[in-house]
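In this document, chain identifiers A, B, C, D and E correspond to the written order of the chains, with residue numbering beginning at 1 in each.
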Amino acid sequence: MSRIGVFTCHCGENIGATVDCVKVAEMCKDIPGVVHSVEYKYMCSDPGQRQMQEAIKEHQLDGVVVAACSPRMHEPTFRRAAGDAGINPYMCEMANLREHCSWVHEKGDATTQKAADLIRVLVEKVKHNEPLHPIKVPVTRTAMVIGGGVGGIQVALDIANGGHKVVLVEKSPSIGGHMSQLSETFPTLDCSQCILTPRMVEAAQHPNITLMTYSEVEKVDGFIGNFKVTVRKKARKLDEKLCTGCGLCIQKCPNKKISDEFNEGLGTRTAIYVPFPQAVPNKPVIDLQNCTYYKTGKCKVCEKMCPTNAIRFDQEDELVTLDIGAIVLATGFKLMKTDAFPEYGYGKHKDIIDGMQFERLASASGPTSGVMKRPSDGKEPETVVFIACSGSRDRAKGVPYCSKICCMYTAKHAMLYKHKVHSGKAYVFYMDIRAAGKDYDEFVRRAIEEDEVKYIRGRVSKIYEEDGKLIVMGADTLMGGEPVVIKADMVVLATAVQSNDRSEELAQTLHVSYDSYGFFAEAHPKLRPVETNTAGIFLAGACQAPRDIPETVAQASGAAAKVVGLFSNDELTREPIVAVVNRQAAPVYSTCVGCFLCQGACPYQAIEQEEIKARSGEVIMTLARINPGLCQGCGTCVATCRTKAIDLQGFSNEQIYAELMTL
Amino acid sequence: MDEKFEPKITAFVCNWCTYAGADLTGTSRIKYQSNVRVLRVPCTGRIDYMMVLKALHKGADGVIVSGCHPNDCHYTSGNYHARRRWMVFKKMMEVMGVDMRRITFSWVSAAEGARWAQLVNEVTDQVRALGPYAEFRQIIGAGIE
Amino acid sequence: MRIGYYPGCSLLGSSREFDESTRAVLKALDVELVEVADWNCCGASSAHILNHELSIALPARILALAEQAGLTEILAPCAACSNRLLSAQQELEKHPEMLAGIEKAIEMPYKGTVKIVNILEVLDRLKDLIAAKTVEPFAKKVASYYGCLLVRPPRVVNFDRPEDPQSMDRMLRAVGATPVEWPFKTECCGAAFSVTRTDIVAKLSGKLVQDAVKRGADAIVVACPMCHSNLDLRRAEINEYLQQEYAIPAMFITQVVGLALGLDPKALGLHRHMVPVEFAETAGVQS
Amino acid sequence: MEAVNQRAKELLEKGEIKAVLGYAKGTGHVRRPHFARKAGQVDQLVLDAACLQNLAVYVTKHEVKKLGKVAVIALPATQRAILQLMAERQLRDGELVILAVDGEAVKELDSAAALEEHLALKAQGLDAKDKALLAELDAMSREQRWVYWQNELSRCMKCYACRNSCPMCYCGTCTMDCNRPQWVPVASHGIGNLEYHAVRTMHLAGRCVECGECGRACPVGIPVHLLTFAAEESIHEQFGQRAGAKAKLDYALSTFKTDDKESFIR
Amino acid sequence: MANTYNLSHESLNSLFGALRKDGRRIMAPVEAGGRTELAEVETPAQVASDYLQTILSAKEVAFPKVERLLSYTIAPGQVDLKDTEPKAVPTVLFGVRPCEAKAFGALDAVFNWDYRDKFFNARIEQLAVIGLSCTKADEACFCTSVGGGPADATGSDILLTPKEGGYLAEVCTEKGAAILNLAPDLFKPGNGVDKAAITAKVEQAFDQPALTTKLPGIFESEVWTDQALRCIGCGACAFVCPTCVCFDIQEEADPKKGERLRCWDSCGFHLFTLHASGHNPREVQGARWRQRVYHKFSYYPERYDMLGCVGCGKCTRACPVDMNLKEHLIEAAGVKA
């Protein structure tokens, strides 16, 4: 017979005001197997926990039901306390009287009855609980950082400086990310390249960091501490060891009119190229879509010119599988394109550009060498309109959220423009100015007050072209909704920050959750912001939500700290909520019949084959076995198994059956 | 029939979405009817159809089975497997003449606290209107001398 | 092809030429138009601001009649008509609980099975045939003017791009015309102010006429009776307001297609326009 | 038949197999399963329209496996069952000699791949009679179906003839025999019978080769095969998969498509 | 004590009326959906007219497939136990075959061996059997090989044998006489008829006493394994058998209440003898099949001095794989000891 203790919590007024806790505690005394039932104001408080621990000892309890808040809140707390009192922590269960009862029902007998019922169910469950022991798994102390922008670089450097190996995977030919495209950064207006480039070089030269540029993660198997990551190293068509980065091939490449991604289509590049002069590594790649040789079978000029014979036209993609202990996602974001705006001409006007294009126009290393020239005819724009919240906070565009960085960079853009074209007129259409950050609001004020940027609070309904001008039709809501028409030479849309292309695909590869906009989901919005729901995978930067540089870097260091913390142990312990295939004495061995129908149902490929052998070595049966390191405890296999050979620890058939019998 | 018939509703919900969603209902102080008793399992993939049948056996007048929306499964695909299982199970129950108005399948995410309240209320009202599941009750004990 | 036909009031009155040209062109393309018998007012433009149920019941009756006639598709050339039909159909789909009341009001069953199409959709389907049958390419520069009701609200009409639509431009290119790039494809013409406040129409439609001419158009092409009224019937007020004699004709898309197919201008109702359909060497402003 | 028997004799004589599993004359007009273990016994084997049983039920039994390699005279349903058993890893390639009989034609097969290829040439699905029965069931109201099945199932006494005659019910420990917990009551009372047949159906959904053996086996004439047929057909309709058609396991309930179409989940 | 009477076809109506008036339920074979099964009837017209055997035996009248032995409720601090009082309705079994009537003796032997089963006895006390001799038999029948016959009156309170215009009625027991006394006018004095001439011919198939003597010596014979190779191990034979008496006790309970049920069981099931350790003394179907034969033909005679088989052939007819008991017994009888 079980000796179960029930501890009913008032949670102050939270439960107590609706549920008659005293009565509930009294009712629970009548449940067979319950030897101790009390109520207390705050069970989670120190005295509350102590009370429970003392009762465990005094009444020799072998199981505990804490009737309080959601187990998602305090189950770890009470299990720890129960464990400290000498019983197995998994002999403690929680009945959710707060979120599922007192907060959602009116005061009354029915609610009190429900509270007692909820406890009764859990008491029956606890009677069938088994003591469980945490699973220990070894840890491979190598981290993988996916994404080589400023966030990824920071994570990699922090982990590497912590003494652990890091593999930094970047899909494009160079690390640097969006930050390397920026001209100046707010609120200090220091040159982006100047502060980023040293970090890029540091990462490249760090003995603990292995750079894998022009590479993409293809497959992730395994689990925390023991991931097996397959990376596709795309063929640069070049022997990186031989290439010195002299650039001769680039100079001689006959195919020079290719739209340049790094310059956001505002400049051109060759078919063999490095994305930008400061690229790390400074080794070119051949763009297969545009290379004359791959299109026509003739050319090979680069091969002829290369002084070290580094060009390899026959090079193939390479798949590399790595043992990884932790993964940090730092895959960044993308900007909504101007063609997403019907009201602004679906991207057909060359002089309507997005924020990143403006960065390139303003950048000293950009296609105009930092001279303000509008894309259509290269003229210096005399009037520029900046439109904040282009797409952001707009349900019709599918982006109800605030993109967070646009207020600041729009102010910066207007300022940079005014610094370059002193006589120019800059207008900013905005909804609200969100300049929360150190020195941020001061920065915006400077744009308005010192650089005389005209801020108009209102939306722009339409832009059309007339006589070489862009007619911007908007409204000034601070002037009673008065229509405003501005004849502009160039319009800059602060387009919405969106999750990166294929981020959902990547999330599915890594088994991490993501929100409806494709941003990766953190494990807890407040308390676990750099972790994902998948153990061992962490987040940094704008792949989680729109972020600016300081925030990205801070989060990157946070994620790095998590990884370093994980790597501080030889092995780590995991919750024993895993599926198990039963084993019985010969000649039955197991009720598993070895049909392996469960294998397909497992999302984690955790179901392996195990052979039962006679002493002679002859295989008697082939059974399923569940790798406790891979199993995450979803229980899909349990429901699939016909012979009930698989059971889920913590949510076993016996436990659930007992709960059901109580209803 | 008892004039004050109050239906018994049993809900099987996954830990990560619907249970968390129901927690949010609480945190948001959205009220709903108290007829439902929730059983927490890790994932809809864990929900064996026998649980649903047992709930009816043990006197439930209505059953709710709920988990993460497609694509949102904490375990990436448990809910897809569950969905298939339900598609077949529902068909079977219909063939056997079980009243499927009493079994509700739904997706309620961790963010849908209001939706959980609405679902529970809708199901409770619907089952209350249907009355006790007398038909099913009749076969319990039938065939015993 | 056999298709249901709901002309609506405008096509019997102010825009008879739209009706005539639609029938003529579709006949030339071997499309059989089956006019819905005993049709009624679609409710535009006032029913929906007066009584919601009425605004649903009126179009529902038309659709129900079409169902009874065994039609699967119904063409409503007037943009306001097709807009109202679509609105009613979607409202009933979304709110099945309204159905009983509506059926009672119209005294017949309503199933919602009839697909509603506008004239551009029908022409687009026949594009290849039209191109093949074109004998006199309409080699003019044209400003394609869609107005509001053809493309808006997008969730109701779900047709073409709500800003800068393309379907009429495609059709015009198919018959040899060159659509000008202009920004006012969906700007307001003044619509129902045509009667009550001609001054507003003059201002709004005036902007359209002025810009079309400025961008070198020889004609403004429309697919809505209301647009046509404002651009054609109100041309005197427009010209007076702008202090300019704009002679650019406003034509229905069906008329343009009809001309290209070599149909008799009279059969297309060209003679009914207030602004003569004439093209000078240098179209636009007549000095 | 003669050709089959001839080949069976040959195999037995050469010692390549230890027994031939086929049909023999039984009580009255009945044909019963029969193991011919000596060449001389082969002549007892008959093959005619009265041979109905799905012989695949025997090939997973350890008593039969212990005999050694067996040749099975396999009608189409038996072929499908053997293929499904192979996909479910209950039989290996080469473990059996499959004498596939389809009308007059006989083919000797010994691997899942060969069986798959062989079966691919044949139409699958229910015959007209069973389709009509399902349609009849379908035409009933929900309440009528409930009454129909409760009437039928009231006769069930859980003799498990349906289970034991099914080639796919090879589990060493059937879920019905699992008692910790006892999900399905042992007793054959109202709820016990409903739950048993629901479980049996769900366990065969996606695995049923539609031989109808369970219905034939039932001593009290409950058309239990209609349940598994309905499940299997619905799986075929909804997911396009069929049991007993593929050498590689293609189990509808452990695979999924992200766009599986249903309309009932709120 | 058999007294012989004539009973006309027409008088059956009155007899049924008299029985029902006396408060007795009449159970008889009826046709339902192509099957012959036992069911409650009100008039003779409802009784199946031309049948060989019912699928299930008549044993369920006294030994139902599921019966409640006791129930209990659990309240705080106490268990409230309630014994089940057997519901015994006065019943007349009409028209069962002599073999089945005889089988009640085999059931009685077990239910009253050392422990007297109150459930069985309560029902038997209230039961009267009006048997009906067989005028036809099939290949499965072998009553004459096990001491019975198509017109054997053992076990019947009244045995009817069809003849022209009605039945020959042999009133065999006091229970039978009591029925006669309900409607004495219907039973006309009749003279003896040559029953053998009217009833079915069932040839004796094997020498049962010799087989029973031989069985202990051929326990290890391969004949059992060979015969059982075809057996799929279901319980159809046991469940239709009029003498099979094995049952399983099941407790169905939740934290608040429970009940104890007695359910039919079968020695043919693998689970029947499975130990909790996983060991199974009857691991293979051959052993289980042998048990079935030995129980009926060796252990029964040894323990109760009677056979556990009445040769009705129901098992053969019900078997999905045509395990023909008669044929198998003939084969066993031929095995060299």
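Simple rule for what comes next: contacts are C-beta pairs under 8 Å (C-beta built on N, C-alpha and C of every residue); 3 or more make two chains touch, one makes a residue touch a chain.
All values reported here derive from a predicted model rather than from experimental measurement.
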Chain labels contacting chain C and also chain D: A
Chain nearest the overall Cα centroid: B
Longest centre-to-centre distance from chain B, chain (CA-based): C
Chain pair with more C-beta contacts, D-E versus A-E: D-E
Greatest separation from chain D - chain, by CA centre: C
Gap in Å, rounded to a whole number, between the CA centres of chain E and chain B: 46
Whole-Å gap between the CA centroids of chain C and chain E: 88
For chain A, residues contacting two or more additional chains: 588, 601, 640, 653, 657, 661
Set of chain D residues in contact with two or more other chains: 183, 187-189, 192, 253-255
Sites on chain E at which at least two other chains make contact: 65-66, 254, 261
Chains touching one another, given as label pairs in label order: A-B, A-C, A-D, A-E, B-D, B-E, D-E
Residue ranges of chain E in contact with chain B within the complex: 64-68, 87, 254, 261
In the complex with chain A, residue positions of chain D that touch it: 88-90, 170-175, 178, 180-181, 183, 203, 249, 251, 253-255
Of chain A, residues touching chain E in the complex: 29-32, 120, 124, 584-588, 661-662
Contact set on chain B toward chain E in their complex: 58, 143-145
Chain B-facing residues of chain A, complex: 70-73, 96, 98-101, 103-106, 110-111, 114, 117-118, 121, 508, 511, 513, 533, 577, 601, 603-604, 632-636, 638-640, 648, 651, 653, 656-657, 659-661, 663
